[in-house]
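Next up, some structures in structure tokens.
The following pair of complexes shares a single chain, chain A, combined with chain B in the former and chain C in the latter.
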Partner chain A sequence: MLSGKWQFRLFFFLAATLALSACADDKKYFEVGLKDSELGKPVMTEAQTASIFSAPQILETYRLENLKPAARPSKETDEGGYWFSADKHEQLVRTSGNLIKDEKLNAYVKGIICRLAGPYCPGIRLYIMRIPQLNANVMANGTTQVWSGLLLRSRDEAELAAVLGHEFGHYLRRHTLQSQRHIIEQTNMATLYTLGAFLGGAPAGSVDLMNMATNSSILAFSRNHEREADGYGLRLLYENKYDLSAPSEVWKRAIDEGKRAGQDGPLNPYSSTHPPDLERQAELKRLADVLSPTLISQDKGRERYLEHILPHRASFLEVEITKNPQKASLALLDILIEDGVRLGELYYFKGEVFRRSAKKNGAEEALKFYKKAIEAEGAPVEVFRSMALAELSLQKKEEAKRNFDIYLQKAPSASDAQIVRMQMEALK
Partner chain B sequence: MRKLLAFLFVSCLALSGCAYYSLIPQGGSVNVVGEYLVKTDGSWNSRSYSDSVAWTKHGPRLDGLMFFTATEDGKRLMDTPFMSEKKGPTFKKGMTFLEFPDLLNGVLASLQFVDVRITKMTPSELGDAKALRMDFTMKTENGPNLKGFARMANKNDRLLFILFYSEESTYYPLVAPEAERITAELRLLK
Partner chain C sequence: MVNRCRWATIALVSASLMGCQQTFRLSEKTLALSRVNQKIAVMPPDVELSELTMGGVKVPNAVWSEQAKTYLLDGIRKSPAFKNLDFVEIQPPPQNTPEDRFILSVQKLHTAVGDEIMLHSYNPAYTLPTKGAKLDWSMGPLAKELRHRTNAKHALFIHVNDTYSSSGRVAYAIAVAIFAGVAIPGGQQQGFASLVDLETGDVVWFNNIARNAGDLRSPGSVQETVDALFAGFPLERDCKSC
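Right, the complex of A and B next:
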């Protein structure tokens, strides 16, 4: 007769075997869908990526012709399940209050996506979102989001294409599916190990170590996907003769902006989903330097880009300074000022950040930038109203009256004209 | 017996934690945030926050009438913005009507509303205080179009602020008339 302790172990073993047999059924279930062999080469590790030294090697590694981006999979498959989730998400995106519907802007960005995506373009549905962060993503079902923060921070078409190319790399390689399968495999192994450790009476800490190893493996897989997407992004830029320095430039400024905004916390290379930013920037630059000599001309598309983005820049900036902390807004504005495009608008928003801040010297600081805005090109008419408000809070009533007056002359039918006139009456 | 009492006490405590809405009954006068005396026609559901009291007829996603506690000089209108890195806007004594739209935009952003557009600004009253009325449209991240109005007044260097919003097509016509009447007829207690 087994002792109570062994009876319990036997019961546990049977229950676990039952649970794992359910997983085994799942495995068959997965294989109804996309087989791993159809995903092309396995993801590149950091060491493998670092061993690429010539242009033909890069082009061979990030081949485009063997890729098969997803056609709608059967609902019976695991991939079908991810598509179902993506479809549900797309319904929310389609009706989101953040959606920017401007036709000209949408047509322009879709054009860039189609240039990169080539034959896969019909499967991509673009949604430009008014969200003040540098980001874009392409979901498994082709739902593509481009955030206003990315449009604002890209300096030219090549930089926007660099980020879109990276995201398209994830899409082409079906990284969502690969990641989910890897997570399931790793967690199944960890469960099996935990059982073995329990039955074999392994030391208590060994299970924790196994869990750590599992998490580390999942995160390393994710980092390799990011590296791989970087490589495919670069390849797509190369195919479309875009400036190959664009990806590393985007990264360089993102790192710089984070530092200026005080957001450059230390990154643990073992517990991060993405490789360290500096490493990515350096690697992208290295690969671009290898590939560049093989391209005769490289297109930045700066004029085209500015023509389409500048009409929307003020509204993007308004969201940034309303939603983001003061330090982050100033970091972004300073970087945009360094680029030197339509400086009057940028100085005006810098003034707004100070005027709306809780700081006691906010009005004084704001006035400095409003004055710069007026001297530069492209300041909006509202700069005179804001100057007047800052002057009013500093008890400079005559100057305030003068600037309110200029504002009304320039914008007599502004929505706040009646209130401005009331304010001027009160100043008499 | 002692265990049973302890269990009942803990259960009551837990259940009272769930019941964060209370009923504002139809008719009668209500003291709201110690600042406003409000007469109601219909009933409302009321919920208190650290910096405001929010009334709703059909749930906060569809309509809301928010009474903010008076804000002193140098204080923020919202102490606890929802899911936002940026803190709520700050009131400074001496602020003019022309600065109120910035405060409204800041509060609505803190409440996670998006695409806010102030469509009209008109001089108005809040109780016996001169106020600015701002009509606006906005959306949520999940899309319904909302419409609303706010009244803000700077009285004795304290900011008084009431905000109404509602889903534009169906609920605004249902709820706005009562919200209009409440905000137009309320009395200030201080």
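Right, the complex of A and C next:
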């Protein structure tokens, strides 16, 4: 064994080597390519964000000059590496079976993107995906996904723009890069500390404490990014004269939908990537209330929006009720029914949720909604087929035959017409 | 201290031995076609190289990754095992053209099939009763479409993810090994390659690598990885017609 003196020297030698290599790691990530100063103002903490009170203050904080998306970075940089990864991911997205290719819909959404992102529009590539969740995302290289669940839940163009504006806040402030660098810095520090603690004979619990601190720092950074993106998202709406209440409206309904679906659990504010929904909604409302008086006309774009979304709504709903739990589907449908657009279609889908459920009285419940659908405006012809199927399961053969017949009369060349005819034969 | 070093040595030796087991699988259908004189399409390699920071974060490296693709293809061309085989290298088509989407879809399918083979033929916990370790997997009818487009009888797919320790990670691993006698995981090379019969879609040869060795960052060291990746490659040219 080494003498105490030598052990001491060896320890210092290694500690110094380690610290130097860690710095070399960091230096490489922080000085090659993008300089941190290019990102403008640093990410603000919760307390700093909460201290913004007047409209000029908001406009000064979320300055358009602070928005700097990356041009394609040099391959030698860490950012170049993240773009390489994002490019690979984009290959999966553009060959996805969930991609919605409808040209008119794509052109419409791309138009909103270009209105919001202005000069940065050419760097953004839009992919509308058939995914039943309220979300959109923008990757470092400009790959933008808009999910059908978002198009379905937004009530007007301003609400869609609110979510897109938030995502562009992340993109235009290069949050992927910022957070990756932060994570590397934090985990390097934690690693050094762990070794130091081990060598210094610190109790094992202190390492856990350090890891916890590291994680919570990374998560806090992520939450600050969300707040910042909320702020810049609102600024983009302001700049384009969209209705400023849209972001808080989206949140309000998302929270409501979660509650009705029974999905609201307690959220730990120290271990979340995102700030609590209620807090974000309240903060967005507060900022919008301050800014609103300075904006004379605010555009909701509801008619324009419905004109483009309604032709696709049934196909969006189909994937929602197929993939999401029943309670969640019903929550969504009830909220859409409250909005009151093309009710026949919504009652039909509500009936479908019951008919496809394993509940004993599923078919009976379903029939109630199919009847409501027929009385309302906009029920699809499939409602008659569904009624027939529900009636069949209740042994009401005569009624079933009648509804199959109506279905065939209304949709003689439906893809399943042949099957329906066979089913009718069997009933005779 | 001596005891600690022993454990570190055991850990290191067992890690290096992991690469010595037989990793390739041959389909029963392979026997019939070991000598060929038809074209083999070499798909654009799907390769990603990253650096592992001291704290264990993976940072993808674009330069390494793109170089590695070239080095791998060079390695295949130079490898004596593939001498005389009629390789056609498929170039990545211009982005977002129908050809691009087709090639990407085929590669995506290969990765999906390869992941399943990895799970069900190599992991005893997930072995399927009907297959066992038998190589009995197919890419289905999409393969035939590739045959029409490339005029090749077989296609060779390569999928590799490789990580390398940063200098900070290396220093940390050494310090931990000395003081604590614990092995800190460093860079890892993982991936698989397969040969697919484009007439039937059957995967006729499959091999995987999962090791703490291998370096795709310089042309000099790539041959070793090529040899490891193509262990047990079943084809040679039928020289009656050379």
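Operating definition for what follows: the second predicted complex is superposed on the first by the 404 of 428 C-alpha atoms of A that agree within 3 Å, B and C clash if a C-alpha of one lies under 4 Å from a C-alpha of the other, contacts with A are read in each partner's own complex, and residues count from 1 in each chain.
The rule is short, and it goes like this: a contact is a pair of C-beta atoms (placed from the backbone, for glycine too) under 8 Å apart; a residue touches a chain by one contact, two chains touch by 3 or more.
Please read these numbers as outputs of a predicted model, since none were measured by experiment.
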item	value
Clash or fit, chain B versus chain C on superposed chain A	clash
Which of chain B and chain C A:415 touches, first, second, both or neither	first
Chain B versus chain C as contact partner of A:322, first or second or both or neither	first
Partner, of chain C and chain B, that touches more residues belonging to chain A	C
Partner chain in contact with A:92 - chain B first, chain C second, else both or neither	both
Partner chain in contact with A:101 - chain B first, chain C second, else both or neither	neither
Which superposed partner A:428 touches (first chain B, second chain C, both, neither)	neither
First, second, both or neither for A:358, with chain B first and chain C second	first
Colliding region between chain C and chain B, picked from 57-65, 75-83 or 93-101 after the shared-chain fit	57-65
Contact residues of chain A, present in both the chain B and the chain C interface	92, 95
List of chain C residues in touch with chain A within their complex	1, 48, 50, 53-57, 59-63, 65-66, 96, 101, 104-105, 108, 166-168, 170-172, 174-176, 178-180
Footprint of chain C on chain A - complex, ascending	1, 14, 17-18, 21-22, 24-25, 29, 75-76, 78, 80-85, 88, 91-92, 94-95, 180, 183-184, 186-192, 195, 198-199
Chain B-touching residues of chain A, taken from the complex the two chains share	92, 95-98, 130, 322-325, 328, 356-358, 385, 389, 392-393, 415-416, 418-420, 422-423
Chain B residues touching chain A - in the complex, by the definition given at the top	74, 76, 84-87, 89-90, 92, 94-99, 101-102, 105-106, 109, 113-115, 118-123, 132, 138-145
